[in-house]
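Several structures are given next for inspection.
Two complexes are shown next, each including chain A; its partner changes from chain B in the first to chain C in the second.
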Partner chain A sequence: MVNDKDDSQRKKKESIVDLSKFLDKKVRVKFQGGREATGVLKGYDQLLNLVLDGAIEHLRDAEDPTVIGDETRNLGLIVARGTAITVVAPADGMEQIPNPFANADEQ
Partner chain B sequence: FGKRRRGEMTSTSVNPSTLLPLELVDKCIGSRIWVIMKNDKEIVGTLSGFDDYVNMVLEDVVEFENTPDGKKVTKLDTILLNGNHITMLVPGGEGPEV
Partner chain C sequence: LPLSLLRTAQNHPMLVELKNGETYNGHLQSCDTWMNIHLRDVIFTSKDGERFYKMPEVYVRGSTIKYLRIPETVVDMVKNEVQEVRRHQKDMHKQKKSYGGGGRGGQSNRGGRGGGNAGRGGGRGGHK
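Up next, the complex of A and B:
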């Protein structure tokens, strides 16, 4: 028991994710509050703050802010706050699919 | 025990050749910066400084409220912007299209 506590104190704070594999790649970042942005990852730190180059923000529908539409706006070189980030994913690995749970709702 | 310089961490696996986000913000001190909040609010101002929590001191501030589309609430003097709700920072940015 005491050994466990020592171990967790002795172990240095290492990140559980490795963003170096995303460097110079296009990533899609989702934020608390529903915003989404895409950009080339140029830098990051331990707190998950990101530097994105050529970033665009995906705008939401005016009527329904939970829906991400097709409209975007250019932001350029930005810093994304790690405190607000929920998801970092490769931009090329994503596609929107129809709701697979739609039938379950009707039952 | 000295205060660690911002950006330097023990045991970090961050390659030093990548651009540190807070360094980019630091370079922006003295210039205009566009701050996008988690909600539909955006702030453009001249960056005087910021702290470890990225609370920011801004001057000549213009505030944009996105949804009601009555954008622009202009404030002057100096404001302290609470960093809690900041989502994105655009150095040198002019703000959203009017």
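Up next, the complex of A and C:
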């Protein structure tokens, strides 16, 4: 009866995003604490644990941890813990664009 | 209420700011009970407001979201949709109650037969 009431709480907890389309593709993952890594997604599970091959960590500037610098370090084959992941995005479609917002952010 | 608001706002553009200050502008593809969201056609702005990236889609953990900005037109739509959903739920409750009344009627018949059995049991006791 409880399952009939609330469709969102099903016995099968499916994730809203289907990571199978990201398999063998480069993805960009952000972690709690501000770290970032890109790598080829080799595997995943429902808890969002990821297996990344050829992972590269993008380091942040030592002076200002909020700014993403250009320095990187190679991590190789890693398992990324799902509990620490904050953002997952495909690295392929990423392109840097000029400010799309007409108004300046800093006034 | 917040999650139902989010669910009905699917396919609408919104702005998401994370706890680390980064912002994502995109259309809500889907969301779940933990407020994890999947956005399409996303523009990502870094915390300092100087870097911009365009991405086809992103998945954001609910626990990292600071807030979501939803367009006002959507908010008005959502109010109406929430009212409709509540009407549906009321109808469902009414239907369930009617089924319960029919079930209770069947049980009362069974109760009568049970009383008859008890009478027969008393009769057997008397023979001994």
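The criterion applied here is as follows: the second predicted complex is superposed on the first by the 84 of 107 C-alpha atoms of A that agree within 3 Å, B and C clash if a C-alpha of one lies under 4 Å from a C-alpha of the other, contacts with A are read in each partner's own complex, and residues count from 1 in each chain.
Assume a residue touches a chain if its C-beta (ideal position, glycine included) is under 8 Å from a C-beta of that chain, and two chains touch if they have at least 3 such contacts.
Remember, it's a predicted structure, so these values are computed and weren't measured experimentally.
J.: Quick one: is A:Asn99 in contact with chain B, with chain C, with both, or with neither? Answer first, second, both or neither.
T.: So A:Asn99 only meets chain C here.
J.: Would you sort A:Gly43 into first (chain B), second (chain C), both or neither based on which partner it touches?
T.: first
J.: Thinking of the overlay built on chain A, is A:Ile16 touched by chain B (first), by chain C (second), by both, or by neither?
T.: The answer is second: A:Ile16 touches chain C but not chain B.
J.: Which holds for A:Gln32: it touches chain B only (first), chain C only (second), both, or neither?
T.: both
J.: Determine, under the contact definition given at the top, whether A:Ala89 touches first (chain B), second (chain C), both, or neither.
T.: Touch status of A:Ala89: second partner only.
J.: Touching A:Ala80, do we find chain B (first), chain C (second), both, or neither?
T.: First partner only, chain B.
J.: If you lay the two complexes on top of each other, which residues of chain A touch chain B in one and chain C in the other?
T.: Common interface on chain A, chain B vs chain C: 15, 32.
J.: Can you check the complex and tell me which residues of chain C touch chain A?
T.: 3, 7, 18, 20-21, 29-33, 36-38, 42-49, 51-61, 63-64
J.: Mind pulling up the chain B residues that touch chain A in the complex?
T.: 7, 9-15, 18-22, 24-25, 36-39, 54, 67, 83-91, 93, 96-97
J.: List the residues on chain A that touch chain C in their complex, please.
T.: Within the complex, chain A contacts chain C at residues 8-9, 15-17, 32, 34, 48, 66-68, 85-90, 93-101, 105-106.
J.: Would you pull the chain A residues touching chain B in the complex into a rising list?
T.: 12-15, 18, 20, 23, 31-33, 35, 37, 42-46, 49-51, 55, 57, 62, 73, 75-84
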